[in-house]
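Next come the structures, one after another.
You will see two complexes here that share subunit A, one where it goes with subunit B and one where it goes with subunit C.
Showing the complex of A and B:
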């Protein structure tokens, strides 16, 4: 048990807790504008998602690791296009009509 | 980390490798599914139609409890896989049951949360914000509920059959699903709750 201490998981867990608390701090205890706050906590969220994918889900191991990385990267690309594209299309320029 | 000389049991057969790859592709589709729900929410998040708003509804303390329950359950699920790879069945089952209890705790708080929203006057019919928010949160909650049933079924299988190439592969796949639910929650926590309360 000692020999095989799950160090990766413990680090991942501590990082996730720290990122959650940092996000809370940025959101409620700082004087940045809402926009800046969103960029910062958004970056924390993406970093925490990567921690989960790599340290907990072992995305980068096994024979299919290249396929995994391409597949997840492509899905994330689609997600960004869907989310950013929808916001862009549906919130821009309506005042003129 | 020290014992990476041999392939973990869950990757030991061609069939297992293909099943795990197939599940990653399914998770890719899940990312896209949730992205459509997030997109809908972001577009409609200020369409209240006279109904309650984020700051009327969200209770930070409860959201934090849910967040830490789910985050910890993701960690204990990782420990269960670690023990599975060390071939320690009892330790693996211990961490799995811990995961299950944390997951049930999360679900309990989430059901309370929905109850609170209904009492505050927010239902699927109240406003576009209500529809988008409850659909996003509800879809995540349904995934957690399904995951709990799936984990229970696999606990029974591991108790009866032990750690074999087949049960190890099934268990690894449910762990991917469980961690994925935490990944989705990170974005709900950040872009729905924190953003809504800022």
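Showing the complex of A and C:
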């Protein structure tokens, strides 16, 4: 097998550092309200998770490519249903008023 | 704690059971010792990793638990058979419906289905065992220990009494200070470990161990439903694990996840419980659908109509089943938007289910139907389950559910889905696959008694409940006055439950009769069936297949028979690698049971000390380098000659 420069890993590595620093910057150096900060950091976290999955964990490569993508999407689906669903149900009912 | 608090005292019924349990245990020990069977039991069963034997143990446990849960059901029916009955008091009735619900769903339906899956699925896909045989044994033993721990509650310490749903705040330690609800939290946790492991085991088995040529879309329908059910198990059971762990922390360690006073929220328990609980009912019903598909195809002597539509609808049902849980608590005070969305998703489930019903009907159309017992159960399933389904759509409408909620209408509805959907399926599956497990068929004539008594009894028992429910009788009501006018209907229902019980007795008699007298000379394929499990001997040889079959299409075994490929050649037979027995699963599970028992009584220090056993078992397991043994080709060939005869 041909050895080649691990470009993906380098990009992934730099992106991860950049995203982490950026999150730190948002948290410590800006005047957004806590709520806004959480949203921004959360968005970066999801982005970083994707970077990790694609660049380091080779989710989109190899023989098990399709299975991996199905697995991850299914997990995300479940997490969203369980977490977002529970929050929606428990915070909008009459107990909330 | 004093001894008279430890054992439940003061109720003649319970004293009777205590004596009966004690005598049975002593009797069993004496009998086994007398027959010198301990060694045999240990070597052949308790330490086995063979998927077929594990499956059989699951089935035996499931049938026993069906008996236990059934007796609970009969007791409730006796109590409400006439106005102002004084057979059970309120407390006892509460305990009985709680244990009935838990036992029926978790210790009857689940093990019977997992048991049949264990026996059949590896054979259907042409595999020699499941992917992780030792883990499979651990699954069984954790389930069994969990079930036993739960079952001793009624003689030691007292049973849980907050319903199978165990809603907070009632199930919290403030309102249920006794140990009963600890049993619920701990025993279900232990059994849950096993179920989750089974789910993972089955997924890996199906994805990795299918015979060459068996594409997923050529896999028999029962194996498909097993795959989808297992995915649902892996998705849903961890939610229950977490919920039970939080319950344990609340009850035993003083946390307040579910109590308002401490900043918790009892509604969170409802939410988590049903996030697991709804998928759970599909976990039990999907394999049942798979069994009906096999039985209907075999006895209509046609291939399954609309295979692809069937697969798509199973997947659709599984997907939707994660999105409907709120329909169990529309009345909790959710916003209108929440209730509307969940009403719609719930009604949508009726669509793929309807597709399946029509596929079964079209499979039978123009088929040469053979009315065997297995087929009778499948036929009875369709109309009875449809009643359950239609009343389900009624309950799905949130606005209407404010009327139906927590009435006997609901109780009738879910028995109309669970009994035809699971119990009929298990009966169909048992009659159908019995020869594979034991090498003889169950008697068809006694089976007819079983069938008619059970189906008639079932309808007599549960049909009246719809009407008293609509008339306002709420569920879990242990008594009512004459003036309600419910007496006659509930009386009929009680008589019905006796007919139902007679049906069960006929099954037991059938097993006994067939064990003694049925013909052992039935060959590998007594039903002229279509899928690979029938390409083996009856009972199945320990290595399943002498040669791994090559699959070309659906209903491979049918093609093999038509094309004369159902033979093997001596030179193709090789040594077969088999996994060795292991004592670790049973020891580890018993250790979990002991720790669990101490936790139930909140003896935390003792529990901590004995946890060392569990950790020790895990460590011992990682040093277990045994990688099995080989059955020599010569022996395989001899075994094959013996059952194939003509080689």
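Here is the rule we use: the second predicted complex is superposed on the first by the 84 of 97 C-alpha atoms of A that agree within 3 Å, B and C clash if a C-alpha of one lies under 4 Å from a C-alpha of the other, contacts with A are read in each partner's own complex, and residues count from 1 in each chain.
Methods note: a contact is a pair of C-beta atoms (placed from the backbone, for glycine too) under 8 Å apart; a residue touches a chain by one contact, two chains touch by 3 or more.
On a predicted model such as this, the values are computed, not experimentally measured, just so you know.
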Exercise for the section: Identify the partner contact of A:6: answer first if only subunit B is touched, second if only subunit C is, both if each is, neither if none is. Expected result: first
Exercise for the section: Would you check which partner chain A:60 touches, where first means subunit B only, second means subunit C only, and both and neither mean what they say? Expected result: neither
Exercise for the section: Examine A:30 and indicate which partner it touches, taking first as subunit B and second as subunit C; both and neither are also allowed. Expected result: neither
Practice task
Check the contacts made with subunit A and report whether subunit B or subunit C touches more of its residues.
Solution key: B
Practice task
Considering only the touch criterion stated at the top, classify A:52 as touching first (subunit B), second (subunit C), both, or neither.
Solution key: first
Exercise for the section: For A:71, decide between first (touching subunit B), second (touching subunit C), both and neither. Expected result: first
Practice task
Using the touch definition from the top, say if A:44 reaches subunit B (first), subunit C (second), both or neither.
Solution key: first
Practice task
Name the contact category of A:92: first (subunit B only), second (subunit C only), both, or neither.
Solution key: second
Problem - subunit A residues contacted in one complex by subunit B, in the other by subunit C - result: 67, 74, 78, 82, 85-86, 90
Problem - Residues of subunit C that touch subunit A when the two form their complex - result: 207, 231, 235, 239, 265, 267-268, 271-272, 275, 322-323, 326, 332-335, 337-338
Completion exercise
Interface with subunit C, subunit A side, in the complex: residues 67, 74, 78, 81-82, 85-86, 88-90, 92-95
Practice task
Report the residues of subunit A in contact with subunit B in the complex, numbered from low to high.
Solution key: 1, 3-4, 6-9, 12-13, 16-17, 20, 23-24, 27-28, 34, 37-38, 41-42, 44-45, 48-49, 52-53, 55-57, 59, 62-64, 67-68, 71-72, 74-76, 78-80, 82-83, 85-87, 90-91
Problem - Contact footprint of subunit A on subunit B as seen in their complex - result: 1-3, 11, 17, 20-21, 24-25, 27-29, 31-32, 34-36, 38-40, 42-43, 64, 67-68, 71-72, 74-75, 77-79, 82, 86, 91, 175-176, 179-180, 182-183, 186-187, 189-191, 194-195, 197-198
